[in-house]
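Next, two complexes with chain A in common: one pairs it with chain B, the other with chain C.
This part shows the complex of A and B:
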């Protein structure tokens, strides 16, 4: 079970979403992807997309205006 | 008591409002704007006046420019920014956006990651600004207020907005991924 990190600080929508999509494709089931974002609309669309795909998602507010979307690849 | 755990604070200031709430509020306020001023709500036309005022600060003159040739435009320019409802509304948007991000503890000055972000922002801004003026409105004045006024031009704008967004998203993936 590997853990991957994606630094998307300073990147506006929809780039974090497209990057997360591509990264997740390369990963194995059970792996964890942590997407670091500071664009508030990505905190909505990245978790929404990942949940729709059936993955486990958690959103952490790590600092003022900074979030980590933790995605566990389920399939 | 910790304000971060307060339900009222969370609902009003921390969590994003639902899209429907935003849509209803925008509709109400654009009706109020149209009813009280006689003009539909617009955003980018105001920026043209801001540009003209800045140009005048540096000693320039736009009196002879076709865009500002009408009496209405000359009056707006002469009366100044504080007498211009559109400017007040735009300033309100900026202050309101700042307040909401501060109130939610989500204000952050983002780092510029790559020079291509700067290039894209400047190019995109110029294209949007030029397009909004040549099209007599942006997605507020031409699209939103256009459709709200039952104008066909708003729908035409919408079709080409989608075409542009499609091309734009392809370019985005090509240059930023």
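This part shows the complex of A and C:
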């Protein structure tokens, strides 16, 4: 069970999502992707998208205005 | 946030990322209290000059607050259907359009019934190729900039530095546009027919047609999401 990290600090709304999508494609089922973001829009956007895709998602506010979206690839 | 708690700790993360130091949340209540007092004081000062200014101040604050808390985003409403297949925001925007349509209609129809000049008629401008080209360019711009006008302002307020740059060029572009507006209007915008729907469908017909179109788009958006996620 590998764990990947994606640094998306400073990237505006759709970019973290697109990057996460590409990264998830490369991963195996059961792997975990941690996307670090500081754009409030992506904080809603990325978890919502990943949940709809059927993955396990956790959102963690690591600092004021900085979040980690933890995605466990399910399929 | 209930969303975080609902997800619980279902995902087993490695100890490496778990032990990352977490900064303790600062208590911002004093700052919030000072801000509320400041907003009220400015509101009172504005009201002494003009009551309307105070109304603008309060509605502006309310608009910004709702925008920030609800993550209402015009850019995402048009971008997400093709990017992720989600049309939640698209439908939210359509509901907002339906509500404002009713409001505008009531104001205009009210003025018409009372024999007053109908307000806002100078905004009934021709539809032409310029509308489509302009909309397309605006769409590209707002996706690259990470937000439309309201979204950019809201995120600058949140402290997202990159969009301060967007705001800067948004101001430069607006000023440049305003400077040459007359020329564009004369040469491109008036190159078409202006349509005021009540002239064609009647007052009642206009609002019905408008709401029907919005309703159809709403259903289409819902079906789109269903199709994309199946």
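Basically, the second predicted complex is superposed on the first by the 75 of 75 C-alpha atoms of A that agree within 3 Å, B and C clash if a C-alpha of one lies under 4 Å from a C-alpha of the other, contacts with A are read in each partner's own complex, and residues count from 1 in each chain.
One rule holds for everything that comes next: contacts are C-beta pairs under 8 Å (C-beta built on N, C-alpha and C of every residue); 3 or more make two chains touch, one makes a residue touch a chain.
The model shown is predicted, which means the values in this text are computed figures rather than measured ones.
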>> If we overlay the two complexes on their shared chain A, which of chain B and chain C does A:32 touch? Say first, second, both or neither.
In response: second
> If you stack the two complexes on chain A, which partner ends up touching A:65: first (chain B), second (chain C), both, or neither?
Replying inline: both
> Touch check for A:9: first (chain B), second (chain C), both, or neither?
Replying inline: first
>> On the A-aligned overlay, A:19 touches which partner chain: chain B = first, chain C = second, or both, or neither?
In response: first
>> Let me test your reading of the model: by the given contact rule, A:40 touches which partner, first (chain B), second (chain C), both or neither?
In response: both
> Does chain B (first) or chain C (second) touch A:52, or do both, or does neither?
Replying inline: second
> Is chain A touched at more residues by chain B or by chain C?
Replying inline: C
>> From the superposed pair, tell me which chain A residues show up as contacts to chain B and also as contacts to chain C.
In response: 10-11, 14, 18, 38-40, 44, 63-65
> Which residues of chain C touch chain A in their complex?
Replying inline: 1, 3-4, 7-11, 13-14, 16-17, 20, 22-23, 25-26, 68, 71, 73, 75-76, 79-80, 83-86, 88, 143, 145-147, 151, 155, 158-163, 229
>> For the complex, give me every residue of chain B touching chain A.
In response: 16, 101, 105-108, 110-113, 117, 169, 172-173, 176-177
> Which part of chain A faces chain C closely enough to touch in the complex?
Replying inline: 3, 5, 10-14, 17-18, 32, 34, 38-41, 44-45, 47-49, 52, 56-65, 70, 72
>> Which residues of chain A touch chain B once you look at their complex with the stated criterion?
In response: 9-11, 14-15, 18-19, 22, 38-40, 44, 63-66
